[in-house]
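Order of writing sets the labels: A, B, C and D. Residues in every chain begin at 1.
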Amino acid sequence: MNSSIQQTIDELHTATRLLVGEGILDGFGHVSARHPDLPDRYFMLISNLGGPAPESRVLELDADSNPVRPGDARPSIERFIHGEVYRQRPDVLAIVHTHAPSLIPFGVCNVPLRPLYHMCGFLEDGPPVFDIRTKHGVTNMLVTTPEIGQSLASSLGARAMVLMRGHGATVVGTSLKEAVFRSVYATQNAQLLPTAMQLGQPTFLDSGEARLADELHHAVLRRPWEYWTKKHGLGLA
Amino acid sequence: MNSSIQQTIDELHTATRLLVGEGILDGFGHVSARHPDLPDRYFMLISNLGGPAPESRVLELDADSNPVRPGDARPSIERFIHGEVYRQRPDVLAIVHTHAPSLIPFGVCNVPLRPLYHMCGFLEDGPPVFDIRTKHGVTNMLVTTPEIGQSLASSLGARAMVLMRGHGATVVGTSLKEAVFRSVYATQNAQLLPTAMQLGQPTFLDSGEARLADELHHAVLRRPWEYWTKKHGLGLA
Amino acid sequence: MNSSIQQTIDELHTATRLLVGEGILDGFGHVSARHPDLPDRYFMLISNLGGPAPESRVLELDADSNPVRPGDARPSIERFIHGEVYRQRPDVLAIVHTHAPSLIPFGVCNVPLRPLYHMCGFLEDGPPVFDIRTKHGVTNMLVTTPEIGQSLASSLGARAMVLMRGHGATVVGTSLKEAVFRSVYATQNAQLLPTAMQLGQPTFLDSGEARLADELHHAVLRRPWEYWTKKHGLGLA
Amino acid sequence: MNSSIQQTIDELHTATRLLVGEGILDGFGHVSARHPDLPDRYFMLISNLGGPAPESRVLELDADSNPVRPGDARPSIERFIHGEVYRQRPDVLAIVHTHAPSLIPFGVCNVPLRPLYHMCGFLEDGPPVFDIRTKHGVTNMLVTTPEIGQSLASSLGARAMVLMRGHGATVVGTSLKEAVFRSVYATQNAQLLPTAMQLGQPTFLDSGEARLADELHHAVLRRPWEYWTKKHGLGLA
């Protein structure tokens, strides 16, 4: 295994632990990273905490979200979230799919999750909400087919995040560090917005402020990543 | 002791620790499991954390909620919750009785605890609320007699959960894993629903979505169970 | 030192750690216990966490809240809360004075902290609110004199708890176990009541239910005490 | 290095860890202390948790917020918050800049963060809100120039705290202990005020009570400092 692949896998393990530590993932939800050398492949873990030894928990999937090595463990039935977003968004190198509690109300109510502060410029004027029922009827709510994955990726469009009605959200980034950063602070913004709305009419970041703040954070992602790895007792990946 | 009994008891210890770790049980509340070989008996622990050594904390109770071995420790005065539900619901193999804080408001207000997301399909259109006063007058609110237990079981009916006015809730499953899963996510749904209601009129899972989501989770209960055991520092039962 | 005194002091240390662990005390607030043999004396600690070795942190105070041994550490300027309540309430054997966050809003708004569930029968129809300004004018809000302590004790009357406007609350019990129990669950009831009020008009415990539930808990205080000592990694006192 | 400098740096490390532990700082935000001997200089750390060994994380900055030793690590781009407040406020010896979640809504809504209780007398009738856009147009929201720092310091005026629209807050004190104390309790007051407002019209501390309570706490800052150092497993600085 070459070193860029190893580094990606190491970061994927670290990202998973950080997201568990920050309450973004629990037994469900997952994070993935695009293969650094073969851009039509990506890596996922088969569990977020526990399960077999770390090296046995890594799955490599192809463009159609099939495991590259047939003997590997069974992949998540929701892997099409990742595969279809990677296909439609060549700029995306990492994806977090989460059921983080504070995001759930924003997927089922008609209130845009707009950015209250500079950490969340990537929210722009509020992520779109993907409703699986619109195109796919009554389901178990999960993204269990390539077709549903494609619908989700279309809802996401060129954004950083898409909310999913009755389910959760999917957040993308140009690195694992960015996808983790956005997941944590989107969740925090969602915790704060109902309170701000109770207090009055919040002044959101305007579009210029949102764009400039997002650009800034793009450049300083190592700082929170190192903070969270230290906080959660991990070595730096 | 045969191995299926031992496994049930081991899982009961694990379930108790997970529910304590997730804030579903504290010094009060309890979880039970039906006897795997003698379906008119069930097991409970005499305390959720601490107390005597684990093997001395297990009680085996008969169909009338009397301890099978007279020398055993004093059983919970609320054991009739378990005994009478096991009697009326042959499909139920595990029961959680909880005072989880977020559930309390839903037992005292006229708002159904409907499912905001796929984790909670088992909530259907909202659990019934058992009001002890209706049939049993002014009490200390606890289920201290077989008769009150029977009333509670009747309120539960064929559901997965019943709220209890001024007291808490009782959640059932076809396994300890399912009863634990439902307890944790019902509690989370209850935390999120007031926020969603503040934001606007939430779109709940419709009945078909709820049913399909519950069926799906029935099949993947090992995943969150392994996550919580790892998170709370326990070996896998 | 005889054994009942030693046991009281040991329990006082344990109670302090439990209340810190449960978020009822932080650097401020304090708990006391009446002297088991000399009912016109009581014990307090000079700090809740840290400070000198445990045996040097115990203060014995007389009926006027003066340290019995002149060389002892400086007592809390708020010790009159304890001294004057012990004087007016011979039935009280332990007192918790807390700034627990969830109680603060109920001291400054005109909403009674009524009991949502059986754990809080002692709240009856809502504790009185002591406003220091009524009798003592503009102060630093603290109970720094015997006179203010007497006013507070009069507000408390025969109740289990008194809220203090812009300050916190004082909770009493017939044992440290009871005062700890009441402090923890009053705080939890205060966390839940605003949510219940948002959902609708809550059904509170009626007075008969409240009385019976409080009597019941009076008899089972060992159970939550053992739970909290285990949870917070302490030996049983 | 003389002992007062060493003590300041030790306290700065401790303050950082306490503020991380209390949720006031995460990967972002920072605390500083004025140089004890050269009042036109101040100390900051280059990271809140992790990063290089403690002694390599200390930066000394001059009156214009330039590092005194050119070879030192890159200072925060937001150091002008500190430098310009120290310039305009000779009484200030320590500064905390925070994005603490509960403060964010009060920076974007038109509700003064008034003191609900005696811990927060320093809030007076509510801190001013600095809106960077008023003078500096569309930015990335950060205080990246001396000019913006001067505007912020002017908004702060003679107060203990200034809120920053879409960003966070800056809190000052006459010691690290005071700046830490104020940061923690301002954040707690901000968590409680929305609840109090939901319950009704809160009675805030009046101006005399606020002033007297703040004076009192000024005299007892060692108490909470020792509590937090013990709680977060640190030695006493």
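Side notes on the structure shown:
The rule is simple: contacts are C-beta pairs under 8 Å (C-beta built on N, C-alpha and C of every residue); 3 or more make two chains touch, one makes a residue touch a chain.
Everything numeric here is computed off the predicted structure, so don't read it as measured data.
The chains that touch subunit B as well as subunit D are A, C.
At the interface between subunit A and subunit D, under half of the residue numbers appear on both sides, which makes the contact a different-residue one. The distance from the centre of subunit B to the centre of subunit C, with each centre set as the mean of the Cα atoms, comes to 32 Å. The distance from the centre of subunit A to the centre of subunit C, each centre being the mean of the chain's C-alpha atoms, comes to 46 Å. For subunit B, the set of residues touching two or more other chains reads 198.
Here subunit C touches subunit D in the complex through residues 20, 26-28, 47-51, 99, 101-102, 104-111, 133, 138-142, 165-168, 194, 197-198, going by the rule given at the top. Contact residues of subunit B toward subunit A in the complex are 115-119, 188, 191-192, 195-196, 198-206, 208-209, 212-213, 215-216, 223-231, 236.
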